[in-house]
Every structure is written in C-alpha cells, then in structure tokens.
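What follows is a group of structures, each given as structure tokens.
Look at the two complexes coming up: chain A is in both, with chain B in one and chain C in the other.
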Partner chain A sequence: MNLNFKNESFRDDYTFKNSPESIRRFPFPFNEDKYMYSVNMEPHVPAGPAGHAYNNAIDVDEHFVAEMRDRALVLKEDPLRYLALPHMMAAQWDTLELLMENQAASYPEHFTLEKNGDQWHWINRPMGIDQIFTFGDASTLPMEPLEYITRQAQGDFVIVDQRDGQLWCDAGMVTTQADWSLDFDIGMNFHEWHGPVPLAHEIGVFDRALKFLLNLQQGKPVRRLNWTMTINPRLDTSPENYHKWGPDRATVTPENVGNKVHLRCELQTLWRLPRSNAILFVVRCYLIKMEELVTVPKWARRFHRVLRDLPPELVDYKGLTRYRPTTVEWLAKFDDGQPSTPGIYPE
Partner chain B sequence: MTINTEMKVRVAQIAQVADKVKRFRFERADGQPMPVFSGGAHVIVSMRDGKALRRNPYSLMSSPEDTVGYEISVLRVENSRGGSAFLHEKLKEGDELVLSQPVNLFAHDHRAKKHIMMAGGIGITPFIAMMDQMEREGAAFELHYAVRTRTHGAYWKELQQRYGKHRVKIYCDEEKLFIPVADVLANQPLGTHLYVCGPAGMINGVLGKARELGWPKQNLHSEEFLAPPPGKAFQVRLARANRTIDVAPHQSILEALEANGVEAPYLCRGGACGQCETGVVSCDGELEHNDHFLEPDDKASGKKIMICVSRIKGNAVTLDL
Partner chain C sequence: MLVAGIKSRPVYGGLNVDIHARRHLFALEGEGALALLDQLKAVGMDVLKTADILYVASGSKAEDHDRTLAALGADSFWLAPTIPVLLNRFHVMLGQAHMGTCIYVAGTEGFIGQAQQAAMNHGVDPASVHSEHRGSAARRVQCVHCKGITDNVTTSPYTCSACGLSLLVRDHYSRRLGAFQGVCIDAEEPGTAPKPEELFP
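Now for the complex of A and B:
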C-alpha cells in the first residue's frame, strides 16, 4: 500500500483534513445510538473493510509525516512528554522491536527492518531515516530506544510495568493526549491514574479491566475505542497547554461547526511485551471534522443521537459543555430519523 | 473472533539430565521462530495420550532469547496423574505436541538492586531462564539451590561453571547441608528481591522466615504449580448451558469440561493466575478450594471456584457456565 503523506498542520493555521479514503477508514467508536462506559475490549485482530484503520495491528496513515513533525515540535518545547523510569529498559527494547517489525511487515514500501543477530538495520523512508544499531545496546542509537522509535510511530505510547498484582505507569511518549499528563501520572498505579473518571468506578469497570489486563497474553493483543471531542484539529490537547486550546471551546458558532468541531477517537491497543512482561498501551488518536463525518449518513445519524443523549456527567468530564448544544443542533440537520444499522463501519 | 496462538512443535531432543529428570527441547513444526519470553514464564504443554488430552504447565528453562527452541525439564513423579509418566515413558524424539504462548506469573522485578533465588529440586527450572536474562541485563543475583543428592540435582554443575560458585550455591540434603535461610536473608542491601520455587513446605518456610525478618511482602515472590488433587467423583451442572457433566476422581472440573467439549478460560492450570475463576450458583456438598488465588473471604463466600484445581466433596455443584 502506497500512502500519500500529506503536508499539513495541527496548530496555528490548522490545515489538517482527511481525504475521502481517510474518512472511510476512520475508527468510528459507536456501535449503537447511545454511549456508556464499558470495558469493551476485543481481540486486536485485522478487521474491517479494505483500507480500514483495523487492517493492520500498527496502523500508519496519510497523516504520518505531519504527526511526527508535530510530535517533534511538542518535544522541543517540553522534553518531559517523554519519560522512562530506569527499570523500563527491557520494555523499551520490546517496544522498539514490536513497532519496527509491524511497520516493516505491513508497509514494506515505506519501512524496512533487516536483522543480522544483534545488528539491526532500520530504514524509515518517509522521514529519511537510515539507522544501523545493536539491539540491546542503547549507546548505538541517538537517544533511548523508546524515544527513538516513538518519534517514528503514530499514537501515544505508555508502558505499564506489572508488579504486586497491579499495573504501574512507568514509561511513555505522550504528545497527542486528551487532557492528561504523563509527567503527572508517572509512577502511578492503574487505579490512581483512572481516579478522575466519573461513573465508571461505581459500576466496577476498573476492577474488571485490571483483572483482565493482568492476564493479558503474549501474542494476543486487545483493543478498545475511546472518544472525546476537540475544537480545531489539535493533537496536543495537554493540561500543560490548556491555555492554548481551552479558550477555543468558546469559539464555536452555528456557521463554523462543520470545520471546527472534531470527533476525536482513540484506538487503544494493549500488548504483552515478551522480555519485560510489561504491557504496552498504545493510544492512537484519529480526528475527523463534523463536515467530514456527515459524509457517512450512518455516522451522521448516530453521532447526533449519541451526543444529544449523553449523560450530563460525561458531557462535563469530556469538556463538551460549551459547544454541545450548537453541535447537536447542527448535526440534527443530518439525522433523517431512520433506524441506524448495527456495527461501526460505514454502510 | 479469538486468536489461536498455540504452537505445534516437534520434540527435537530428549536428554536424561539427573535421576528421574528429563529435559525436552521443542522446535516449531512450521519452522517459524518461537516468541522471545521473560525468565520465569511457563507454557502449557498439550499431550495426546491415547484417548486422553493432558494439558500441564511447565516452566521454560531455555534462554529467553533462543527463538529456535524451548526447553523444559520434567521430574518423573511417583503418583503421576499421567503428564510426567507420558513425557518420560511414551514421548519420543520427532513426536508432535502443542504449546501455548509463554505466560509469566513469576517475573522478576526490574527495579530490584539484587535478586536472590532459592530453588528446591525441580523448582530450579524457571531460575535457569531468569539467570540467563539477568546476566544479559547486568543485574546482580545469587542462587541457593537445595538438592536431595548430587545425582538427583539437575544442572548444578553447569550453573556453577557458568556463573561461578560465589553466585550459585548448592546444598545437598544427603550431606546434611541446608540453605541457611536466615543468614542469607540477613544484611541484604535495600531493594533486594527474593524468589522461591520448590515444594510447598519450602516456599512457606522461606517466605515465613523472610516476613519474620521484616522483609516487605512486595519483595517476596514464589511460584508453585499445583496438580489438581484427586477426590471422589461428583457432578457439575452448567446453569446457562443446561448440561450435566461427570467429574471423575482423578479429573479436575476444567478437564471434565474439556473432555465434554466445553471451552472454559484458563492460563496456568495450577491455581495461581485467576483466569478460570467461575461463579458457583449452588453446591450440594462442600467446596474444596485448592488454589492460591482466591482471598479467604472469597473462599468462605462459597460463590466462586477455581475450576483448574478445586473440586467439591459431595454430589453436585452448579456453575455459572
């Protein structure tokens, strides 16, 4: 598959947009007309119609080069978006191997990995990178292995260590986050970093999810979808930069909803890592404009209904309060009242 | 949709390595590489023994970076339920078996400043893989290995040669030498972790001593796979599937379900991981909890059972399956 990488921005002039193919491959997170938390995990196996974001275990799309450029800008301003506690080195190598192997296997036109024992040769053509290094020897890379590879892979990455029947947030690269901070959460356990989420604790979601993850098996990654909304196609909606994006939420008008309001979907995948026995948590962010979303009639109908009927606690937690009424009103024009078909894929 | 990640393997080599201990090397039938694993991991070996399908957990002892083959070592036990007898007496080089993906319930703590391992008998196997990984990662470790006699103990010579006598210490029952647990545990640097694998009595003794000496619980690790203890026959009723299945005296509930074509989740088959926890709807009899997983409250509640090792004393149990 040959991808046409786009030259676009996720800040300032916000030139990001999706091609028609990119719209159809969007991982739309609602399989029915309402939304409530659930553990909703399923095996991360190839799925969906041809071209869908679920086709490959590690997805690379037309936004790859622009997203990596945006990540580099975030890191330049704030190097603490990448953190790794010292005991996570084995997990760093595990992650590098997983990402290089998957990207090279799924996109051989764009990435190549050659192994000769510990001597590895990595080529990333879209970014013009050609690197020979010794697997397991961090001094042969220009930076730590996790930082090195996550500057060349889309999505945020958190590695959780497993100890004492708990999971601990001990390393990560986080620059495309929906209002949370790795620097704040580093070293926390599973229950601590989910502390702020409303409603879910009461229904026992986190206890069940933790138990499930502690027994996550090698070779059997799982996925779930999460979502929120973002005003302007901004990847870096971090608490540290709240002053830059928070005020945007007051700029939505009936005239600009279609271009300004985005559904932000997180494809979360979880992988048991082989050497470290840690778990890699990939949070891949996909953005879609309302005017792009409504080109798929099923999604237009369904998202209108989901947003209209969302429980107030979730409206508040996801930060949708200011612009939800305007957006629901705009979406109503695209809801023909017909029943919507099951599943997440376009008709 | 589920992923079937089981691996069909061929027995590449069988070697007698000590009295009653054989080592088995498995290589993939399709020539694909084995997954890298972490020291302390085990696999479930599925064996077709005549009509019976046996599935037992064994710790991996080969180098975690060896992607050509996996090795396990098996002690021939006197009252074998069938697994060790099959492996020792029936399995031949070239035969095919099925292995699960590696699962680690006995991982070392990567934060540790030092690792102390104590092995009893065949409990040595996970430590062989662990030490290989620790050596590669440059971690400080020492092994204290108790054997019945020098000919019963497997691998002690090789391990002493590879890591040195200062790091690998052997204690032989026959020579009246025992691991001086209290001395070893005293005066260790802060951040030392302790790992024990061997018979239940040894594990309890060592961990009890460590707790007495004030070691934090988080720094203590142990692994013991339980074989499902036998008992009297009883019936299992499946509330949702509306079926009744007989459990034989030497069968676990899980094995009885599988023999009748009922798929139930499992990972370790040794009462340790929690994967096969099943709801009890009612019990005409008394639950016999044999696992290490459920908390005492859960066991007392009578509402949960680990079907890989636990059974009932009585007529029938109704499960939420």
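Now for the complex of A and C:
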C-alpha cells in the first residue's frame, strides 16, 4: 500500500484533518448505542473492510510523518515522556524487533528490514532513515532501542513487566496520551495505575482484565478500543501540559462544534514479548472531528445516543462536562431516530 | 486517620517489630516516635540491643520525644535536625546494612514515602519495609506541570511552591516519587480557583 503522507500539525494552527479514506478507516469504538466499561478484548487478527485500521497488526497511516514530527517536538520540551527502568533492556529489544518486522512486512514500500545474523539493516523511507546496527548491542544505535523505534512508530507504547502475579509499568514512550503521566505512573502495578478510573474497579473489570493478561500468549495479540474527546486535534493532551490545552475546553460554541470537537479513539493492542516475557501495550490514537464523523450516518446517530446517555462518572472522568451539552445538541440534528445497525464499521 | 480507598496509595501496616531479625534499623519522624514506644510495650526492650534509631522531631519538638528515645539505651540513637539530614544518614546506613536487618519507618506520609524511596534505591522491596503512619495527614505533592515537590500540603487546592499554579491534590500516589499528584485546578477557566480547603490536617 502506498501512503500519501500529509504535512499537517497537531498544535498551534491545527491543520490536521482526515481524508475521506481516512474517515472510513477510523476505528469507531461503539458497537451499540450505549457505553459502559467492560473487559472488551478480542484477538488482534486482521479484520474490517479494505483499508480499515484493523487490516494490519501495526497500523501506519497518512498521518505517520506528521505524528512523528509532533513526538519529536514533545520530547524536545519534556524528555521525561520517554522512560525505561534498567531491567527492561531485553523488552526494549523485543519491542524494536516487533515494530520493525511488522512495519516492514505490512508496508514494504516504506520500510525494509534485512537481517544477517545480529547485523540488521533498517530503512525507514518516509523519515529518510537508513541504519545498520547490531541487534542486542545498544551502543550501535543512536539512543536506547525503545526510544529509537518509538520515534518511528505511531502511537504511545508502554512495556509492562510481569512479576509476582502482577503487571508493572516499567518503560514507555508516551506523548499522545489522554491525560495521564508516565513519569508519575512508572513503577506502578496494574491496579495502582488504574487507580483514578471510576466504577471499573467496583464492577470487577480490572481484576478480570489482569487475570486475562497474565495468561496472554506469544503470537496471539489482543486488542481493545478506548475513547475520550479532545478539543482541537491535539495529540499531546498530557497532564503535564493541561494548563495549556485545558482552556480550549471552554471555547466550544454551537457554531464551532463540528470543527473543534473531536472523538479520540485509542486502538490498544497487547503483545506478549518473546525474550523478556513482558507485555507491550500499544496505544494508537485516532482523531476525528464531528463534521467528519457525521459523514457516516450510522456513527452520527450512535455517537449522539452514547454521548447523551453517558454515565455521569464517565462524563466527569473524561473531562467532557463543559462541552457535552453543546455537542449533544449539535449531534441531535444528525440522529433520525432510526435503529442503528450492529458492529463498528461504516454502513 | 488517612482516608482509605486510594488504590495507588501504599498500605502502612504498622511497625510490627520482628524479634527474630538480626538487627533493627528505625527511621522515625515526629509522632513516629510513639509507634516505636508502643511496640516496645508489646515486644519488650530486648530488641533495643540490636537497634539503630534515627529520629527527627519535625513538628513535634515540644513533645520531647527525642529525650525519651535517647533514654531507651538502644545500640545507637541519632537525632537529626531536619528530614533531609536524617535521610542522608539513613542512606549511608542502608548501604552498610547486613542481611537480616529489618527496616522500620514511622511518621507522616511524606516522610515514609521518602524513606521508602531511599530503601528502594538500595534494592529493598518497599513491601518489606515495616511502616506506620503517625502525626498529621499532610501530603507531599508533586506538581505534574513543573515537577516541583511541595511538602506538608494540608489543603486542596494549594499553591505550588515551585511554579505558583493553584493545584488540586488528586488521590493518586506514586511510590517512586513518594508523592501525590497536583494538577492545575483552574486550567479550563484561569482565575477561577476555589479557596483552599483544609483537607489533610
């Protein structure tokens, strides 16, 4: 597949938008007209209509180059977005291998990986990178392997170590997050880093999810969708910068809803890593503005109903309080009251 | 009492002196002195022969706990003028500690957090450190924006001692940092921060 990489921004003048193909490949996170937390994991196997975000194990799209540029800007301002505890080196190499192999296999026009024993040759054409290195020898790369490869792969990445029947957040590259801090959470376990999430602990979601993940098998990745909303197409909605992007939430008016308000979907995939036995958690963020979303009538209808009936605890936790009423009102115009068809794909 | 139900906050299970340990290393702050005194009533004074006690009085100077501790006749007793000075000494003693040394920490939560951090830096599993909360419920808080740490926060919101933003104290605790998280309270409408409320007296 030959991708047309766009020159666009996720800050300041916010020129990011989706092409019509990019809209139709959006991983819409609702398969029914209401939403509540659940243990929503399924095997991560290729799925969906041609071109959908589920087609490839590691998804690369038209926003690749612009997203990598935004990541570099975030890291320049705040190097603490990349952190790895010392015992995670084997897992770093596991991750580098997984991402290079998958990107090269699915997008041979754009990425090439040649292996000759430990001597690897990696080519990333969209970013103009050509690197020969020794697999397992960090001194042959310009930076640690996890930082190196996640500066060339879309999405946030967390590696969790498995010890004592728990998962531990021990390494990560986190620059496109929905309001959580890696620097604060690193070293925590599954229940601790999920501490602030409302309701889900009480209904047993985290106990069951943890049990499931502890048994995750190599070669059998799983996926789940998570979502929130963002004003302006901003990738870096970190708590670190909340005082900079928070004011945007007060700028939504009935006139600008369609352009300013975005549904933010995270395609999360979980992979058991071969050498370290750690788990790689990939959080790939997709943004779609309301004007784009309503070009798919099923999505317009359904998102209107989901947002209108969302439990108050989730409204509060996701930070939607200020602009939800205006957005629901705007979306109502696109809800004809018809039943909505099952599944997440566009009709 | 500290409020329960914060999933990321450690549980401070009590000093619970282990009489079978070869040595005992106590780091105590303020009212934390009473945690040890209460324990001695239960397990007897014998443990003191193999005990090193570090103490800082902090807000409890008037109580004279330092004199009571000094009079116990522990193998060593050392009074520090401030928490950072105590932690320096604690750090050195952890480096010299032998296998079979049991580590005990008692005092305010900010102190426990920093002492546990020191232990973690010496490869000690924080779960194996015996800890007991005593004294005020004040919190040690990290500003998520500038990363500056403010000690002894008793209100929410509070003003970050480093960058001056008005911060809400979230019920989210990092053991690695030994601190709660502070997040700008009026980011969405600057200038609308509510008055600080005394929540952690």
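Throughout what follows, the second predicted complex is superposed on the first by the 347 of 347 C-alpha atoms of A that agree within 3 Å, B and C clash if a C-alpha of one lies under 4 Å from a C-alpha of the other, contacts with A are read in each partner's own complex, and residues count from 1 in each chain.
Simple rule for what comes next: contacts are C-beta pairs under 8 Å (C-beta built on N, C-alpha and C of every residue); 3 or more make two chains touch, one makes a residue touch a chain.
None of these values were measured; they are calculated from a predicted model.
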| item | value |
| --- | --- |
| Superposition on chain A - do chain B and chain C clash or fit | fit |
| Partner chain in contact with A:His87 - chain B first, chain C second, else both or neither | first |
| Touching partner for A:Arg275 - first (chain B), second (chain C), both, neither | first |
| Touching partner for A:Lys17 - first (chain B), second (chain C), both, neither | neither |
| Angle, in degrees and to the nearest 10, that opens at chain A between the C-alpha centres of chain B and chain C | 70 |
| Chain B versus chain C as contact partner of A:Lys211, first or second or both or neither | first |
| First, second, both or neither for A:Pro43, with chain B first and chain C second | first |
| Touching partner for A:Lys318 - first (chain B), second (chain C), both, neither | neither |
| Which of chain B and chain C A:Arg69 touches, first, second, both or neither | neither |
| First (chain B), second (chain C), both or neither touched by A:Arg163 | first |
| Which superposed partner A:Lys220 touches (first chain B, second chain C, both, neither) | first |
| Minimal inter-chain CA distance - chain C and chain B, angstrom | 6 |
| Footprint overlap on chain A, comparing chain B with chain C | none |
| Interfacial residue positions of chain C with respect to chain A in the complex | 6-8, 142, 144-145, 147, 165, 170-177, 181, 183-184, 187-190 |
| List of chain A residues in touch with chain B within their complex | 42-43, 45, 47, 87-91, 136, 161-164, 211, 214-215, 217-220, 274-277 |
| Chain B residues within the chain A interface of the complex | 1-3, 5, 35-38, 40-41, 64, 101-104, 107, 109-111, 133, 136-137, 217-218, 267, 273-275 |
| Partner chain C, residues of chain A touching it in the complex | 80, 181, 183-188, 191-196, 201, 239-243, 246-247, 249-250, 322 |
